[in-house]
Every structure is written in structure tokens, then in C-alpha cells.
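Below: a set of structures, written as C-alpha cells.
In the two complexes that follow, subunit A is the common piece, with subunit B as its partner first and subunit C second.
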Partner chain A sequence: MSFYFLRRLNLLVFTLFMLAMASFGLAYLFPGDYLTNLTGIHFESEQQRQLYATLYKESDGVFWQFIAYLDLLWQGEWGQSFSSNQPLYQEVTTYLPASIELSAYALFVSLVVGIPLGFLAGLRHNKLADYSILSMSFIGYSIPVFWLALILILILSLQMGWFPISGRISLLYYIPLDTGFILIDIIRSDVSYKWDAFNDALRHLFLPTLSISIVTSTIILRITRRSVIEVMGSEYIKAATARGLNRYQVILRHGIRNTIIPIMPQLALQFTTLLTNAMIVESIFSWPGIGNWLIQAIYQGDYPSIRSGMLAVSSLVVIFTVSIDIVHKIIDPQRLYRQRVKI
Partner chain B sequence: MKIKVFYRQILATLLTLTGVVACGGNHDLKFKDEGLIYCSEGSPTSFNPQLDTSGTTVDATSHQLYDRLLEFDPQDSKIIPGIAESWRVSENGLHYTFQLRKQVAFHETNYFTPTRHLNADDVIFSINRWRLESHPYHDIDVSGYPYFVSLGLDKLIKDVRRINGYRIVIDLNKPDSSFLANLATDFAIILSKEYAEFLLEKNQPQLLDEKPIGSGPFKYINYRKGRFIRYAKHENYWKHDRAVKQLIYDITPSSSLRLAKLMTGECDVMSLPAHSELDIIRDRNNLVLDEKPGLNVGFWAFNTSKPPFDNPEVRRALAMGIDKTTLLEAVYFGSAVKANGLVPPSSWAFQEDLRDNSYNPVLAKDLLRKNGIEPGFTMNIWAMPVERAYNPNATMMAELIQGYLEQLEINVEVISFEWSLFRRRLDSGAHDSVLIGWSADNGDPDNFYRPVLSCAAIESGTNRARWCNETFDEIIDEALTYSDTDTRAALYQTANAIIADQIPIVPIAHAYRFQAYRQGLSNLEINPFGGIRFGDVENTQ
Partner chain C sequence: MPLLDIKNLTLEIDTAGGRVKALDKVNLTIDESEIRALVGESGSGKSLIVKSIVGAINDSWTLTADRLNWKGSDLLAMSKEQRRKITKDDIAVIFQNPVSSLDPTASLGEQLEENIPDHLVGKGWFWQRQEKRKQIVSRQLHKVGIKNHELCLSSFPHQISDDVCQKFMIAMALVSEPKLLIADEPTMGMETTIKSQILKLLSRLNQNRNLSILFVSHDLLAISSMCHSMTVLYCGQTVESGRMTNLRKRPLHPYTKALLDSAPSFSKDLLPKSNLSALDGTIPTLQHLPIGCRLGPRCPRAQKECVKIPAPRHIHNHYYSCHFPLHRPLK
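Right, the complex of A and B next:
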């Protein structure tokens, strides 16, 4: 067991190390002075450059430069953005929560929709309900997210005028940024228009969440369905039925637990797919998240932002994946790794 | 039977959950009605319009945060009192005396609390900042005060004197008939001297332009670049008490997204509606589209400091190679008039009989060969990445020109960067030619000739042709010494002749100006000279 954790941890550290290395390499690969790409400062004088050259150990060769870079990364000194001149650590930490929030709600919606439908399809395997749910899921799975988002905007916003199409909340509501998660921030704030603002934020959340969760729901539905079919065909279910339990009792007592636990990591891992889709949807709905921010950075040739944005997002995904793996190992230690990653 | 119940339960849960998420509907939110959201096209470069001539900066700051000595009446473009209650010009035209209004309060914010009202010291401080190189605030920003320098105002003013707390005199070096108009432009704003001194003491003078204090109808709350600007009502505004409680700039670079937000009610007003989308706005009952001929010109400027574009013959050939009428139809959808010169028809200096190079690709090709431009010559056209009133779609125009020049066997590369980067690189003169333009800041024709083509404007970054002609400069200087419009118009015709002969730029169009907003807003007028004004806007819904 502890050997397993060590191996996971080792993998985590090594991957993060590689990511840091890649991001360091980017500073050299981007056009322009590498020190400017690292710090985000257009040096006005030689003295100023010298100051940063010492900080980043420019004269000591690439290896020590990298060590200095890691040290500064650890301290939260990520340099500053070309376009806003704000510290990147601060920028990333304001924009990343918005993306995580969107993905988290979308994941929640996908689970709430996908798992029950998956059960329904699995239990009615090879019947009409199964076929219709499955074909619907095929359609949902095949629709590109960006197209879906645009269609939703066209119908629900521009035609019907039901939902707003941009941002997290109407800018007229002034909500002080605290955690960076808008709904939590609204609840924690003490403004007079709290519930109006909350309502407004929910309406802003609706379309982006819907567009991302449709795809993920179909994936979750299919994972669940498969697991349900597998479990319902197994010996212990037959044994339970033979003991005289009716189908309802069988499902409730044996079916659900045995279906959900093995697929839990797969479900949680959808979060990373979600994050990727969220980045696309963010730029359509002008959601002030990390994806939108990265795209702006690319437009503006803001190399320090691209570097640190890439590092932050990929680190998040790696850390999340490994933690899910470890948590699952604790909950369900018997299962082999091979079985857990199978879809 | 039990199984059916189970399914039904699942179904019921699903339905409830969908209901929970979808709840929200279209509530009428009272709090929201007290504010105004303006979907603007870009981020301002600064919160002080003295530092930048771009329309985006002016729209965001000038009339919202600040006051000027004088103002333009948007109806008839006459000069009317602002902070100066009254003014007098000496007979020789060299001394201007201004009597200032009393009881004009500056903004009180969480970063500064004023202790006194606006007085002569603030006016002198604001003018001296851009005028005197020795001024402690002159070098705080590296922009070099482009508007004032391009018009030579820093050289024109000899002294600004304080007579008493509410009266000042400005002495000029020579008479200038456009001087009052220049004081009424969006750029000639009044800053707070008290705030400036407070910042100097704190050793953070740069904040003067980042966290502004003015006396206008709105005060600064916060700003996130590329996202929004938040202003709140200035409670002690001297003019009136009817400004809306909040004014928000929702920065939305894409014009179709701005329109979509206007349609869904996420914005109340949008900037620069695209010409191709005007009909959509007209068709909507709940939206209003205002239209006015604009004081602007869109042009194609050649970088005359770079061979072969330093040769007027080459420039003429290129000018003859494009068909302006087609450009007008394709890019402006007919809501513009063709430009033969710099000045639009609504100005008194407009020259009706000005001839234009007619479209003649055969002659153009001949002329190019004669001047040593071989087939396959490659040049670039820089196209603005943003829409401006004078050119709603520079990229498309560049591509059309690309097509025309292909017939002359010239290869064209269309180049575009993000707006602030674009202007920075343009300032360094890296372009061969650029599609850009100019919107007037005041009603005086000098405001076209001087910023666009004078030698001084190369340094200050508004002369995109980087063209310097001493005779031309002398003529436009001379025109300013007369106050009688006929004499001046005659001089500007001579200047037009020089431009037509040298072709540093190819004027393309004078576009109409549009403004779109939702029904229920009143007093929102198109300001023919630049910046939008929200101070008087009321929400009557």
C-alpha cells in the first residue's frame, strides 16, 4: 500500500517537474529576450535588467537558471503579464477559480443527469428505453461544444431572451472577490441585493453549464450503463434474486453500490475533459476564466501569461488525476489499477 | 409494478432538478434599473485623456470623469461655458481671460478625499502638466501628450497666470483662431492639483493617471483591463443631480457580441455598431439607432519615410490602382460619403471642387514601371484590428485593396496585431502603408490638417504617413492667424493642392456615426466631436 502511494507521489512529482521544465523551455523558445519572457518586464535600462539577471542567475548556465526558476515559482514569483503588468500569480489565481467553478457545476449536473439515465438504460438493456437513451446520447456526444453553445445562445437568448450570454454576473452587481467562486462570494458578501445577485449569477451560469454538461452527461451515461449491465449480470445479483428479493430491492441493496464504486474514478476524471471543454465555452460566453484569459494572452503575444497559464492548468489536471487515483485506492483497495482505468 | 414506481421516482427527481436550475426567469430587478451598462470596444490606455488620442480612451474617461474650461454644444457645435463661466479675448488675440465657476467639487473616493473645491490652481496645474517640460508631472508618463504636441499647443502658450483664486489669464505667443476650440476638446481636462500633490507626497505620482480624480458626473470605482470599468455617480456634481447611480463599461471587442448583448439587455448602449448589422438594430422595436454625419476621415497612409513610398509618383500610381466607390459599398454599406480631401462636407473648410485620382489600373501600372517598381514587388498594408467610425472593417478593406493591387502585379501582405501592440509598432514606423483614419476633436478644420499631416505630428504619433512638408506646415500655420473663415478656407485649398500633388495619404471615406441603445434612455446624443457623454443620460423606463 505505502509502496503504491510512493509510486503515485513519485509520478506526480516527476510530471510536475517535467511541466516546470517545459514551461522554462518556453521562455527560450518564444521570440525575444528570455529574461523578458520570464519576468514579463520590458527592461528600460541595463541596470534594471541586471537586477533580474542576478535574480534568475543568468550567468550561471541553464541548470542553475532552472533551479532559480523553480525556486521563484515556489515563492509565487511567476513574473508579470505583458498586457496588464499585473503579477501572474495573482492573475492566475483570480481567473482559475472561475473555470473550476464552471467545471464543477457542469460535473455536478452531468452526474445528476448521466447516472440515473445510465441506470435506466442499463436496467432496460436491449429494450426500447435503452435504445432511445443510447441514441440520444450518441447525438449529444457527437455535437461539438462550440456549435451547441452558439445554438443555445441563438435560441434561448437572442430569440427568447431568457438567459444572458456573457460573464458570470451582471456587472451592475458589485460583489467583492474573496474566494473567486461567484456563488460562494455572493453568499458570503453582505450587500443589500444579495439574492437578486444570486439569481442573476444562476441565470448566467445556466447556458455555459448546459453546453458543457451535455457532452459529459453522455459520457457518464455510457460509463454507468456499461457498469450496470455488468453488475446486473453477475452471480451475486442472481443469488440475491434467488434469495427472494424483488428487483427493486436487489438494485437498491446490491446494484447501486457495486455499480458506482468501480466507475467513480472514471466519473471524477471527466473533470479534466470538462476543464478542456470549459475553456472553449468560456471564450464563447465571455466567462472570465483561465481559458478565456489564455486565449487573450495568445492574441496579444503575452508570452509570460501563456507560460504560466499552461503550467497552472496542466499542474491542476495532473494533481487532480493523481489525487483521485489515491482516494479511490483508499476506498476500494482490492481493485487493480488495470481495472480502474478501463472505460 | 414496483419497478415502474422506481422509474417514476427517477423521472420526478430529474424534473425537479431541471426546475431548480432553470428557475430564475425574467425577473424585474429594481436594483439593476439604477445603473447603465455601456458595451465599449476596448480598454482605455489610461484614465487621463491628456495622454492618448484614441477614441476608446476618450469615450471611457473624458466626459465621464472630468470637466473642461469650455464645452461644445452638441447641437450646433458652438463653444459654451464649462468650468469657465465667462471668458474674454484681448483685441490683439494674445490674452485670454477666464472667470472660473465656484463650488465645483472633486470626487471623493476611498483613495482620496478633497478638502477644497476646484480653483485656478487646478486649471494652471492641468495646463502646465503638458506644457512645461520642467513640471514635476510632465515626465510621469512617457506618452508625450500627443494631442497637444501634434497641434503645437505647448509652443503656442507663453504663460498661464493666476489673477485670483477664480480667474486666470492665458498668454499666447501668436494669435490662434482655433485656441478656444482646442480648450473645449476632450483632451483639455482639468485635474486636481491637491490630489497630485498628495500623490507626490506618497511618492506614487503615476497613480494620477491610473486612479483618476476629476470633477465630472462619475467617479472611478474599479477597473479590470479587458473586462470592465466601474464608475459611480458623483454626488456633488456641480451641474445636476440626475446622473445614474452606476455606470459600467463592459469591454467587448467583438461588435457582433456587443449587439447580441444589447439584444439580450445585458448592455443599455453599445459602441460602434458594425455597418453590416445596422438593419438588425433598425428592425428591433426595443432598440434605437441614431445617425449623424461624422467629422472624420478614413484613409490609406503610405509610410513616406520608407522607399519606394518616398516617391510621390509611386504613391500616385497606387492611389490610382484602387476603386474607392467599391470600397465604400463593400466596407461601409453605403453609410459614408467618398472622401476627396481630408475635411468632410459638414465642415466650412470643405472644398467642393477638389478633384480626385480616378481609378485607372492601366495608367497606374505604367506609372509604376516607369518608377522602377517591377512585377512581383511586395508591400504590406497594416489593417487596424478594431472598428472605428471612420473605418468599420479595415481588414476587409485591406483585402479588397490586395485584390486591386494584384492587378498591378503587386503582392500585398495584410498585417494586423492586437490594437495596443499595433499602435506601438506603428509608432516605430515599421509599416509600408496603413489603413487608419482620424476623427475630429473639435469643429475646427485645423484639427484635421495638423494632427494628420504636420511635421510635429510625426513625433507625437498621429502622422501615420510620416510625411513632412515645410510649405504645407507654413500654410496651415498661417491659416490660424486669421479669424475670418473665407481667408482661412482659401489657405486650406492651397494645402489641399499640396496633398493632392504629394499624396502622402489616400482619403477614402467620411463615415456617418451611429449609436445604438435600448429604448427608454433619454438625453444620449451623438457628440460630433469625439467622446460619448453619459452625464445627462436618464433611465426613463
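Right, the complex of A and C next:
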């Protein structure tokens, strides 16, 4: 078991190292002075440049430069943005939570919708309910996210006026920034319009969440359905039936756990797909998230932002993936209780 | 009235080469407090019969039977709920592959307790009932020879060795105090001493508690020591059935004779160093079943008529399905 953790940790560290290396390489590959690309400062005097050159060990060769870069990354010195001249560490930590928040709610919605429907379809395998759920899921899966988002805005916001078109919260409400997750921040704040603001934030969340969770719901639905079919066809389910348990007892006591445990990592990993989809949807809904921010950076040729934004997002995905894997190993009894017992 | 009465059970299953009759007009009866052996080569369909009786077959297979009666009432005609009640209360089954018939994510204790019928637990507060369950469970495990019951109950199926798992399955089947026990190779791969313990336990239950047993096995020695009657299966067809003594003394079907002759310790009058007899060839696969009597291509007595399926005939209650049985000289 500990060997396993070591291997995972090794993989994690190595991948993060490679990502850091790639982002370092970008500074050289982007047009312009590499030191400018790293720091985000257009140097006004040779003296100023010299100051940063010593900090980034420019004279020491690429290897030491990279080590210095890693050190600075670790200290939170990510350079500053060309466009806003703000420290990138702060920029990223303000925008990233908004994306994580959106993806997390979307994942929650997709699980709540996808798993029960998947069970329903799987338990009625080859019956009408199965076919209808499956064909609906195919339609949902085939709709492009950006198109769906536009249609939703067109109908639900512009025609019906039920939901706001863009943003995270109405400008009327001022919420002090704390964790970066808007709903949590609202609850933790002590403004007088707390519940109005909460309601407003929820209404802002609705459309972006809906548009990215439809695709993920269909994916989760199909993962669950396949697992249900497999489990319900297995020997131990037949054996449990043959022992005289009724269908509900069989499903409750032996079906659900066996269906969910093997697919848990797959389900959780949908978070990363969601994060990518969220980036697309963010720019449509002007959601102040990392995706929107990155796209702005790309338009403006803001190389330091692109470098650190990509590094932050990819590191997040890698860390998340590895943690899911480890958590799954910890709670799966087949792995947890691996030792054979002598009876 | 027999406890279980099966007449012309046919099971069609899907294989790569299309639909085939994996079981073809199988007949089997089990009387009250009888131990019946079901023997046949590997792949002859023994496990399929077991699964058909308890309804653990794939939904896509078709099962038809003239009779599949439990104490006179037809299991196929009754409602699902009624049938479930019978399998729950009266029939217990040990499947051939013990590990895969246990839920891998539930502890053995959970799965064993699930099988205790409520009337054995009695009434009381839930902790009293829990206490009672614990008692029943540990007593049952001791009976099948698992001494460290605490450890066993808290383990998961993949943690225990195969023979402990097999004993556990036996305990699990017996804990509901069934009328009929269907045991599909319950002692496979066990050590001889443990095997004889288990067989003794089963015989004792048969004598003291009138437990009927359908004993599926390859082990002719074990069968002859404990079974009262025997049904021989070849390739999904019942070829011969009757009292154990009659079958041993005078098999009527060429296949039964070959089967008995192939077990050296079983035929007493064997000269030292004489050749062991066996039929030529091997059991055909489901995709290449011969028409008529399925033994045809391998049968030393086969004639032209054998391309027609032989109807079951009988002498008293000794049934056989063969055009040219051994007691009639060949023309």
C-alpha cells in the first residue's frame, strides 16, 4: 500500500515538474525578451533589467535559471500581467475559484441527474425506459456546449427574462472577497442584503451550470448504466436472487455499492472535463473565471498570464486526478483489505 | 409425491453459433429425504440444471418444461413472489464457483446474517435479535469446520482461501434450514480429511433432519458412499437414472457403463495392470452437437437408429434413454 502511494506521489511530483519545465520553456518560445516574459515587466532601464536578471540567475545557464524559476514559483512570485500589471499569483487565485465553483456545482448537478437515470436505464436494460433514456442522452451528448449556452441565453434570458445573461452576481450587491467562492463568501459575509444576494447569485449560476452539466450528465449516465448492467448480470447478484432476496433487497444490499465503487474515479474525473467545458462557457456568460481570463490573455498577447494560467490549471487537473486515485484506493474494500486471512 | 419433479426441461441458450439446446428434455426427481447424485462430464450441463431450478439464468435464455414442480405446484406457473418465497424458505443452493457468487464488497458476516430466516431469530429488541443472529452464525460456522468464526465473519470474500470459502458457502446454504440443498461440487479442491468431514455433515443432516440433497459431483467414490440414487447426464440429455445400487450393479446405458469403468477405485473386479477403459473422443461442444442421441459418435453400440432421439424407457424405476441398452444383446 505505501509502495503504491510512493509511486503515485512520484508520478505527481514528476508530472508537476514537467509542467513547470514546459511553462519555463514557454518564456523562451514566446516572442520578445525571455526575462520580460517571465516577469511581465517591460523594463525601462538596463539597471532595472539587471535587478531581475540576478533574481532569475540569467548569467548562470539554463539549468540554474530553471531552478531559480522553480524557487520563485514556489514563493508565489509568478511575475505580473502585461495588461493589468497585477501580480499573477493574485490574479490566478482570484479567477480560479470562480471556475472551480462553477465546475463543482455542475459536477454535483450531473451526479444528481446522471446516477439515478443511469440506474433506471441499467435496471430496465433493453426495455423502453432504457432506450428512451439512452436516446435522450445521445441527443444531450451531441449538442455542442457553446451552442447550447447561446440557445439557453436566447430563450431563457432574452425572451423569457428569467435569468441574467452574464456575470456572477448583480452589480447592486457588493460582496467582500474572501474564499473566492461566491456562495460561500455571501454566507460568510455580514451584509444586510445577504439572502437577496444569495438568490441573485444562484440565478446567475443557473444557466452556466445547466449548459455544462447537460453533457456531463449524459456521460455519467452512461458510465453508471454500463456498470449497473455489468453488476446486475454478475454471478453474485444471481446468487443473491437465488437465495430468495427480492429485487429491491438485491439492488439495495448488493447492487448499489458494487455499481458505484468501481466507477467512482471515472465519475470524479469528470470534474476535469467540466473544467475545460467551463472555460468555454465562461467566456459566453462573462463568468469571471480562469477560462475567460485566459482567453482575454491570449487575445492581448499577455504571455506571462498565459504561462502561469496554463500552469495553474494543468497542475490543478493533475493534482486532482492523482488525489482521486488515492482516495479511491483508500475506500475500496477490495484494495483496503488486501491481506489474505488464515482461518 | 416427490419434492422436486422435473420433466422435459429444455434450456436454449445463445452461443457464438446461434441458439442451441444446452439442456434437452432433462428429467430429474428428488424425493423427500433423498440424496440424489447428478453426474456427468465437464460441460454436460449440470450447473445449468442447478441454475434452472433456482431461476438464476440469464434473461435472454428460454426455459421450457412440462413440469418443474415443487411439492406438486409448478414453479414456472406461479407468480414470481411465490417462487421467491419457496426458494428462500425451502431451497438452498451452493453454486459451483463460490468466490464469484459472493458480493465482493460486503463482509462475509453481513452476507451470512442476511440468510438467517426471521423465524429462527425470534422476537425481541433489535440487540437481542442481533445477539441471536451472532449465535446462529457462529454455531453454523463451527459445524462446517470454521473455528475462527470472528475473523471469518469480518473478512471479505477475496481475503479467504478457496476451501474456507467453500465451507462458508455450505454454512450459508444450511443456515436457513432448507428442505432441499442443491450442492454443485461442494467439495471440489478440498483436502481429503476436510472433504470427508463435510460429506459426513451432509449425510448426518440428511438422516437427522430429513434434508434432501441434490449432489452434483465428479467424485464417484463420494457419490457411491452417500447417495441413494443417481442421474447421469451427457451433453444436456439425461441418459440414465435410478437407484444407486441398481445403476452400479447393472448400468443399462453405454455411457453410464463407460463412466463407471473409468473410475478405477470404483469397479471392484479390476485385474491388476489392466487397461482403464474410456470412450473414444471428447464431449462435443454446444456448437457441434450430433443429432439424435448425442452420444452417437462416441458410442460403441451405435447403430443407424441412433440418429433419432431415444425415448426414455424404464424397468421399474430405473430409467434409461437408449435404443440399444446393455441388457439387450446386439443383433
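Here is the rule we use: the second predicted complex is superposed on the first by the 332 of 343 C-alpha atoms of A that agree within 3 Å, B and C clash if a C-alpha of one lies under 4 Å from a C-alpha of the other, contacts with A are read in each partner's own complex, and residues count from 1 in each chain.
In this text, a residue touches a chain if its C-beta (ideal position, glycine included) is under 8 Å from a C-beta of that chain, and two chains touch if they have at least 3 such contacts.
It should be emphasised that the depicted structure is a prediction, and the values quoted were computed from it without experimental measurement.
K.L.:
One more residue to check, A:31. First (subunit B), second (subunit C), both or neither?
P.N.:
Neither subunit B nor subunit C is touched by A:31.
K.L.:
Just subunit B (first), just subunit C (second), both, or neither: which does A:254 touch?
P.N.:
In the superposed model, A:254 contacts subunit C only, not subunit B.
K.L.:
Which partner reaches more residues of subunit A, subunit B or subunit C?
P.N.:
B
K.L.:
Using the superposition on chain A described above, determine whether A:236 touches subunit B (first), subunit C (second), both, or neither.
P.N.:
second
K.L.:
For A:246 in the superposed arrangement: first (subunit B), second (subunit C), both or neither?
P.N.:
Both: A:246 reaches subunit B and subunit C.
K.L.:
According to the stated criteria, A:61 is in contact with first (subunit B), second (subunit C), both, or neither; which is it?
P.N.:
neither
K.L.:
Where on subunit A do the contacts from subunit B and from subunit C line up?
P.N.:
After superposing on chain A, subunit A residues 246 contact both subunit B and subunit C.
K.L.:
Of all residues in subunit C, which touch subunit A in the complex?
P.N.:
Contacts found on subunit C: 51, 54-58, 81, 84-85, 87-89, 92-93, 95, 97, 100-106, 114-115, 146-148, 151-152, 155-156, 158-161, 164, 172, 176.
K.L.:
So in the complex, the part of subunit A that touches subunit B is made up of which residues?
P.N.:
83-84, 109, 112-113, 116, 119-120, 153, 157-158, 161-167, 170-174, 192-193, 196, 199-200, 202-203, 206, 209, 246-248, 251, 286, 288, 296, 299-301
K.L.:
Show which residues of subunit B lie in contact with subunit A when the two form their complex.
P.N.:
Going by the criterion above, the answer is residues 2-3, 5-7, 10, 13-14, 17, 21-27, 29, 31-32, 35, 37, 221, 225-228, 230, 246, 248, 250, 252, 257, 260-261, 263-266, 417-418, 420-421.
K.L.:
Write out the stretch or stretches of subunit A touching subunit C in their complex.
P.N.:
Subunit A reaches subunit C through residues 233-236, 238-246, 253-254, 257-258, 261, 333-334, 337-343.
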